[in-house]
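Dropping a structure here in C-alpha cells format, bear with me for questions.
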Amino acid sequence: MSFDYKIADISLHEAGRHQIRLAEHEMPGLMALREEYAESQPLAGARIAGSLHMTVQTAVLIETLTALGAEVRWASCNIFSTQDEAAAAVVVGPQGTPENPQGVPVFAWKNETLEEYWWTASQIFAWPGADEDPSKGANMILDDGGDATLLVHKGVEFEAAGGVPSAQEDDPEEYRIILETLRKSLSENPQRWTGVAENLRGVTEETTTGVNRLYQLARQDALLFPAINVNDSVTKSKFDNKYGIRHSLPDGIMRATDVLIGGKVAVVCGYGDVGKGAAEALRGQGARVIVTEIDPINALQAAMDGYQVAKLDDVIEQGHIFITTTGGKDIISAEQMSRMRDKAIVGNVGHFDNEIDMAGLAATEGIQKIEIKPQVHEWVFPAGHSIIVLSEGRLLNLGNATGHPSFVMSSSFANQTIAQIELFAKSWKSGYTGEDAYASDVYTLPKVLDEKVARLHLQALGAELSELTKDQADYLGVDVAGPYKPDHYRY
Amino acid sequence: MSFDYKIADISLHEAGRHQIRLAEHEMPGLMALREEYAESQPLAGARIAGSLHMTVQTAVLIETLTALGAEVRWASCNIFSTQDEAAAAVVVGPQGTPENPQGVPVFAWKNETLEEYWWTASQIFAWPGADEDPSKGANMILDDGGDATLLVHKGVEFEAAGGVPSAQEDDPEEYRIILETLRKSLSENPQRWTGVAENLRGVTEETTTGVNRLYQLARQDALLFPAINVNDSVTKSKFDNKYGIRHSLPDGIMRATDVLIGGKVAVVCGYGDVGKGAAEALRGQGARVIVTEIDPINALQAAMDGYQVAKLDDVIEQGHIFITTTGGKDIISAEQMSRMRDKAIVGNVGHFDNEIDMAGLAATEGIQKIEIKPQVHEWVFPAGHSIIVLSEGRLLNLGNATGHPSFVMSSSFANQTIAQIELFAKSWKSGYTGEDAYASDVYTLPKVLDEKVARLHLQALGAELSELTKDQADYLGVDVAGPYKPDHYRY
Amino acid sequence: MSFDYKIADISLHEAGRHQIRLAEHEMPGLMALREEYAESQPLAGARIAGSLHMTVQTAVLIETLTALGAEVRWASCNIFSTQDEAAAAVVVGPQGTPENPQGVPVFAWKNETLEEYWWTASQIFAWPGADEDPSKGANMILDDGGDATLLVHKGVEFEAAGGVPSAQEDDPEEYRIILETLRKSLSENPQRWTGVAENLRGVTEETTTGVNRLYQLARQDALLFPAINVNDSVTKSKFDNKYGIRHSLPDGIMRATDVLIGGKVAVVCGYGDVGKGAAEALRGQGARVIVTEIDPINALQAAMDGYQVAKLDDVIEQGHIFITTTGGKDIISAEQMSRMRDKAIVGNVGHFDNEIDMAGLAATEGIQKIEIKPQVHEWVFPAGHSIIVLSEGRLLNLGNATGHPSFVMSSSFANQTIAQIELFAKSWKSGYTGEDAYASDVYTLPKVLDEKVARLHLQALGAELSELTKDQADYLGVDVAGPYKPDHYRY
Amino acid sequence: MSFDYKIADISLHEAGRHQIRLAEHEMPGLMALREEYAESQPLAGARIAGSLHMTVQTAVLIETLTALGAEVRWASCNIFSTQDEAAAAVVVGPQGTPENPQGVPVFAWKNETLEEYWWTASQIFAWPGADEDPSKGANMILDDGGDATLLVHKGVEFEAAGGVPSAQEDDPEEYRIILETLRKSLSENPQRWTGVAENLRGVTEETTTGVNRLYQLARQDALLFPAINVNDSVTKSKFDNKYGIRHSLPDGIMRATDVLIGGKVAVVCGYGDVGKGAAEALRGQGARVIVTEIDPINALQAAMDGYQVAKLDDVIEQGHIFITTTGGKDIISAEQMSRMRDKAIVGNVGHFDNEIDMAGLAATEGIQKIEIKPQVHEWVFPAGHSIIVLSEGRLLNLGNATGHPSFVMSSSFANQTIAQIELFAKSWKSGYTGEDAYASDVYTLPKVLDEKVARLHLQALGAELSELTKDQADYLGVDVAGPYKPDHYRY
C-alpha cells in the first residue's frame, strides 16, 4: 500500500466512485474550477490538512484540490458524518485500485469514538517526514468547526508552557480527550505543534462556530496564521446554511422517523440562516412553524415572514417536532423535554450536541433509552411518555440523512477552493509582500470572487443572467463585470 | 408453526414490532376505532382477503381489523413495496413468537417476481378448507389497485368459459402471468373462483385505478358483489393522495438521489390530487414547477396556483426532475427521455409503471443501464448523456421511500375499516335486507362517516374544532352533528 | 329617453365605457362566447330579469347576454355594490348617448336604502306591458343570492293566500320591507307575481346562499321553475370563491385601512372555498393565519395546510384582523368584539352582514361609532379601546374594494351565460320535451360545459393544454374531448 | 397665520388628524420613542429641514421629532406622493386650528410641477432670519433620495464658482430646473448655501439612491457634513424595502387596474430587497413570477427561491405584468414595451422614473396616450395593441396606492429619529469631541440601536422574544443585552 490511511472498508470504493461521478454533475462550481485552473495549477506545492465531513461531496472537493496541484490529508470533523464509501473512493483515487491506492490519505469512518476522532485530527498533520522536518508538513488547513485549528493552537500553547494541564472537574468529556491526545503528542515530540504552526500559511474555515473561534483568537492576538472566513461568503452562508438545511432537515426527519410533517406543530429554535431554511422547509411540508429567537431583528423577521414567535416554555406542550438551529447551548433543557407531547421529535441542525441537553436527559432519573434504529432513539420517561431524539443530539441532517446536497456544497466548496488558492499565494507566511497580503487576521473573500462562485452555478439551473450596459453600470457607479454591491449589502 | 405464510425473514419481527408501536401513535384514527369497537366486535365472522402494500402502516390496519373480530390473510399489491420487518411482525403477532406465530398469514416480501406476485394474490383466497367448502373461505376483500378483485372476476369468467384463453401477442407480460396463474388454478379446481365469488360479501377498494375498474364492471353489470369506493372519501382522496405525496415524493427523491431539489426545474405531469401534492412539495423545496395537464379545469387550477402549464415536449429540455402523477399511460416516451438534460431524474407516483415508457427506454438501441443502488438506475444513452430512473418507473414513493406516512394512512385506513364494517353488515350478500342494503354496485361512504374519520384525527394535531349552536345549524339547514355539506361539495 | 331606468348619474357613462373595454380584455370567457354565438343568437327571445352586483364585470355579462340576442333588465343584489359608472355605461350602451340611451334598463346605484333596494328588485320584472300580458314579461331570471327568486316565490305565495301577512316581532328589518313591497304590489295587481312566475322558464343562480334557498324550495316541492346552480360549477365555486377572494380580500383591507398585513395575526372564520382563498391571501402577505371551523374535514384541511385551527374564543385577544367567510350567522359576537385588541380590524367576505353581530355591536352600551371614511368605521368601546369594522359588516371586498376581478368573474359569468342558454332552450317550461329537459328542480351544468369554461380561459394565461391520444383516452375510459372526470371528482 | 407654508387645502386637517391617530397605533416604534424621550428632549435646539414623502406616516415622524424638542420645516421628496390631508394636519398641529395653525411649516401638495418641487426643496432651508444669520437656519437635514442634500452641495459648489453653469444639451429636464432654481437663489443671495452648509450638523438619509450619492461625495472628499445612512439599518433596508413593497405593490396594482394577479405571468426586474418583496407578493397572489437580474448572487437567490431567472428580451412576450425594482435605468425600453402582450401592465417600484423608458415611449411614432384614471394610462401603439403604465413610470406604490404602510415606516422612521438624535449630539460640527464623534463621512447606526428598533416593534405583533442567560451569552461571546451578531452578519 502506497500510503497510510484508516477507513472502514476500502472495498467500498466502487460504490463511492459511482456516487462521486453523480455528485460531480451536481457540483458545477468545482468542475468549472478544475477546468479553469487545469493548466496553471495554483495549488502546486500546497499540502493541505483537511478536517471536514468525509462525504461524497467532500470527495469531489478533495479531488478538485488535487486536480489544482495540492497534496492532501483528510479527516472528518464529526464522528458520525463519514460516508464510508466516499472515504474508500478517495483513498483509492480515480485511477487506483484497493491494492495500489493512488488517492489521498483519509482518516475517517462512520461512528468514531471521541478518542479515535482526535487521533484522526492529529493524523492529518502527520505528513511523512514532517516530524523531523516541519517544512515537509502541512502548509494549509481546510477546516470545518475549527478542530484542526484548535489542535494546532492548543498544541503550540502547551508546548510553550512545557506541558499539558490536567482537566478541570467541569471540563467537558471531549476536552479531556483533547488534553490526553496532546499529552501523548508532547511525550513523543515536545515541539511538534510549534513546528506545524510555523509551516502553516493559513486556514480556510467553513462554519460559524469555527469562524467565531478564529475571531476570538484574532481579538486576543493569538491567531498564528491568516484565516479566510469562508462561512461568511454570501454564496456560502446564505446558500449552504439556508438552502442546504431546507433540503437536508426534512430529509433527515423523514428517513429517521417516517412521521408525517404536514399538519404538525414544529418549533424551530433560532431564525438565523439555518433557522430560516428549516422553517421554510417545514412550512413547505405543511407544518405550522413556531420560532424562538433571542435576537430582536431575527425575531421581527420571523414575525414578518408569518411565523409565530414564542418562548420555548410557552409552546413546549404544543410542538410535535423541535429543531435547534442556533449554534448556542442549552437551548432545550431536559426538564423541557420531559414536558413535551408523547413521541415528540427532537433534533439539532445547529452546531454542537449541547444545543439539546443530552447529558441532562441521560441523567433523568428512571429514564429509559431504546434504539429504534441507528441514530434514532426513544427516551421513555418514568411517567410512560417518550420523546424521539435524532442523532443523539448531534447534527441530524448528517446523522440521519446525508448532509447538504452536492449542489449547495459545490457553492461552499468553490469558496473553499478559491480561498485556498488566495491564501496559499498571498499569505504573508507565503513570503508574499504585496499590499493585499493576508496578515494573521480573519478575512472574507473579496465580493467579486463571491459573485464568481454564484456565476459558476447559474447555468446548471437554467438561469439566464442579464448584463449591464456600460451606460447602466456607470449610472450605478459599478463596473460592468462587478462587484455590483457595496460590502455592507446584505442580500 | 400454526399457519402457512411466506415472508422474507420472520426474525425481523422485533424490529417490525417497534415500528408498529411508533406507527400506532401516528395512526390515531385506527386506534380510536379499536377503542370504539373493542366490545361490539363488528367484524366477528369476517374473513378478509387483503391485498395492499405490506408496510408498517398496513400492519396497524391488519391488527385493527383483527382487534374488531376479523380473520385476515394478506398479500402486497406491489412487488417492491413490502417492508419485510412489518410482514414478520404481523405474522408473529403482538403475543406470538417466531416459533409460535399467533398473528396473521402474510404472503409478501420485498422484490417479488411477477409470478410470485400473482401466486401471493391467489394465496389470500386459499383459506384452510375453502377449496372443499367455499363458505369457509374469504367473505370480504380489502383491495388496492383491484388485483385481488380482478383475479376473482377473471377466475369466474374463465371457469364459466371452461378454460383460460391463450395470451395475445400484444398482451402485456403481466397478463400472460395472470392467465398462467389461473390456468394452473383451473387445472387444480375448475370451480374454485366461482365458489370464492359466491361467498364474498363485498370489496372495499383503496385507489383510483381499482375504483375505475369497479365502475367499469358495474357499468357492464359484471360486478359480482357490492363495492365501497374508499378512494373517493374526502378523507382519503384529498388526504392520502395529496398530503401523502407531499411527504413521500421529496422523501423518495432525496433518499434515491441526494440531489438538491431547490433551484431545479421540476415538471409534474398531471394536476389531480397527487399532482397537487407533488407540485406543492417541490415548490416547498424551492424548485420551479411546471405542470402538464389534459383536463382544462385542472390546468386552470395549476395556472391559478402560480405554476407554468406547458406541453411536455416544449419543456423537455428544461426539466431537471420529471414526475408522473396521472394514472394514465405513455405520459413520458422513450424518445422524450432521450432529449432530457444529462442526469435528469425521472420518476412516477401515479399508478402503473407504464406512465413512463420503460419498455421503450429499455429497447433504445445502444442504451446502457447502470444500477447506482437498488431502485436507482442510470440509463446512459449512446450519445453519452444519461437519465436517472427511480424504482424502474414504478411508484417511487414506495420503492425509494417508505410510502405515505402513518398519519395519512390512518385517515385512509380508518375509511377502509369503517367501509369493511358497513359492507360486512349491510351487503345484500350478507342477507341484509334493510333499505340501505348495498347491492352489487359501487358506493362511497356516507358523508357523516367521512366527517367522523376527520374528527378522529384533529386532536392529535392540536386542532380545536368549533361547534355550531342549534340556532346556527338551523340557519344553515344542517344538523349540529353533521353532515355539514351537500354531497356535491368539493372541499 | 327610450326606456325607464334609475341610476346615479348617466353622465358617468364614458368613464364606465373605458372600464368596460379594459374589463373585456380580462374576460376572455365572455368574449369567446360572444364570438361563438354571434350568428346563432341562442338567447333571441329571452327576456332576462337580472339581479347581481352592478359592476363593470356585470356590464360585460349584460352586454354578452344582449350580444347573444337577449333583452335584459337589471338590478343590483346588494345595496352597496353598484359601480355607478358601470350602470351608466350599460344604460347608454356602446352606441347610445345619454340623450338617446340604447342599452339596457338598469335600476341600481351605490348606497341604496333597503326600501329602494326592494323597489329595484321589483322593477326588473316590470317589463313594458307585462302587467297586462304576462307573456311580455321576463322569461328568465339571473340571480345572485336569490332575492329576485324570493320575491317571485313570496309574491306567488301571498297572492295565493290573498294577502300579505304582518311582520312578526322578531322578523328582521329587511323582511318587513319585503312584506311592505309585496303589500304595495298586491294592492296594485293582486295576480302580478302569479303571472310573472307562469311566464318564467327558469333561474340561474350565482351563490351558495341562493343555491341553498333553491334546494330548500325543491325539497319542499315549492320551486316554481327549473334552476341551474351555477355556484357549484367547478369553474365557479373553486375559482370565483377561492381565487376571487384571494385577490379582493387584501385589496379591500388595504384600501380601507392601509394597515400592514404582514406580521399580523389574522383569524379566518371558515375554511370553505372562500376561507381557503382568504387564508392563502393573508399568508401570502406574511400574516400568521388562524382558522376556525365547524366541519371536521375542512378543519383537517386547514391543519394539513399548516394553519392553526382554534376556537374563536381562545384567540380573540390575539388577532389583529378577523375575517368571516362562512355563510352562517353570529360568527363573531359583540361580546367577542369587545375583547379584541385595540384597533383590531373586523370584516366579512361570507354572505350576509349577520356573520358579524353588527346589531349587537351597535346596541353595546356606551359604544361610539366614528366614520373614518365611507365603509370604514371605528367603534370605540366605553373602556377606550376600539375596533375597525369594514363595510358595516357587509361584504368588504365589494364595499371596500371593487369585488372579484374581471378574470374570475369571466369564469363565473361564462357559466351564467351557458346556463342561461341551456335553460332558455331546454326548460320544460320552454315547451322542450327532450329527455334532457330541465324539470322544476335544481341542476348543475354538465361537466363538459364546465370544462369548456375552463378551456376558454387558458390561452389568456399562456397556459398550454396537453391532449390525450385516442389510445390514452381509451386506457382511461374517457373521450378525447372530455369530460375527463367522474361527477364525484372534487378537483 | 403664524407661519408660512404651502399645501393644497388646510381644511383637510381633520381627516388627516383621524388618519394620524390610526397611524400612530401602527407605528409603535415612534410612539415608544416619544415616551422614552419625553423628558430628556434630545432634539431641543435641532432645526430639521425634512425632505420625504409627505404622507400620514411622515406626519407621525414629524410630530415625533417635535415631541423630542425639534423645530421642523418639511417638503415632499416626490411630486406625486403628498397626501394633502396629512400635510394639512401637520400644518395645523394637534392643538391648532386652520386659522391659528400651531404645527409645522410644510411645503408639499399632491401633483407638483418640477419647478414647484424644487421651490419647495429650497423652502425647507428658508428659516426665518436665516438668510441674514445662517445660525438661525436648519442645523439638520432629514433626507429621502438626497435632493435636499444635493441642493445644498450644488449651491455651495456654484457659489464657490461664482455662478451657475448653463445646462448641457443632454442634461435631463429636471437638472435644468435645479440650475434655474439655484441661479435665482444666487441672484438673491450669492452666499446663501454656503451659510446653510456651514450651519448643518449632518444629514440622515432614507434611501439607497440618496446613500449612493453620499458615498460618492465621501469618496470625492466633497461631503460637507456627517451623514448617517439610515437605509442600511437592517430594520430599514430589510423591512421597509422588502415588507413594505410586499404590501404596497399589490395594493397599487389592484387599486390602479383591478386586474386579477393570480394566474398571470409577472416579470420582476431586480431581486434586491425590493425585488424580493415584490416577487413574494406576486407569488402570494398566485402569479407566476419571472425574475431578471444582473448580479449573479441575487440571481442565484432568485433561482433557489423557485423563480425562473431570464433575460427580459426572452420573456417580453410572456409577461402580463412588468415591475422594475432596480434603482438602475433603462431597465425596460420603449421597443420592449411595444412587443408586450396587449394590455400588459408596466410599473416601477425602484427609484426614478427612468427605470422605464417613458421618454422613449412618449416619442414612439403614432403612439396614443389615454388616461384611464389619474396615474393610470393606456398607451396605444399604432398596431392597435396597448399597454397600461402606472404612475407615469414613477413609484406606483406611492402614485397608485398610499406607499408603505405605517408599520414598516415605523421601523424606518424609528431609525431616522434615532439617527437624528445621534448626529445632532455627536456630529463634529456639534462641537462634540468624543472618540465616537461623527466626521464628515457616511455611517450606519450601531447594531445595538438597530436591534433596539426591532425590539420596539415586537410586542405590537404579539411576538415573544427569548432571552439569553448569562451563561449562554458567554458561550456565544456576546452581551446578554446585545448586540448579538457581528457587523458583517447579513440577516
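Order as written gives the chain letters A, B, C and D; numbering starts at 1 within each chain.
Quick note on the criterion: a contact is a pair of C-beta atoms (placed from the backbone, for glycine too) under 8 Å apart; a residue touches a chain by one contact, two chains touch by 3 or more.
Please read these numbers as outputs of a predicted model, since none were measured by experiment.
Remark: among chain pairs A-D and B-D, A-D carries the greater number of C-beta contacts. At the interface between chain B and chain C, two copies of one sequence, more than half of the residue numbers in use appear on both sides, so the contact is built from largely the same positions.
When every chain is reduced to the mean of its CA atoms, the largest separation from chain D belongs to B. Annotation: 41 Å between the Cα-based centres of chain A and chain D. Chain centres here are Cα averages; for chain B and chain D they lie 58 Å apart. Annotation for chain C: residues 243, 262-263, 283, 286, 300, 303-304, 308, 461, 463 touch two or more other chains.
Those residues of chain D whose C-beta lies close enough to touch chain C in the complex are 15, 18-19, 22, 25-26, 56, 243, 246-247, 250-251, 254-255, 257-265, 280-281, 283-286, 318, 342-343, 370, 372-373, 378, 388, 401-402, 405-408, 461-463.
Remark: chain C residues 262-263, 283, 286-289, 300, 303-308 touch chain A in the complex.
The touching residues of chain A, when paired with chain D in their complex, are 212, 215-216, 232, 234-235, 237-239, 243, 273, 292-304, 308-312, 314, 327-330, 411, 444, 450-452, 454-455, 457-458, 461, 463-469, 471-472, 475-477, 482, 484-486, 488, 490-491.
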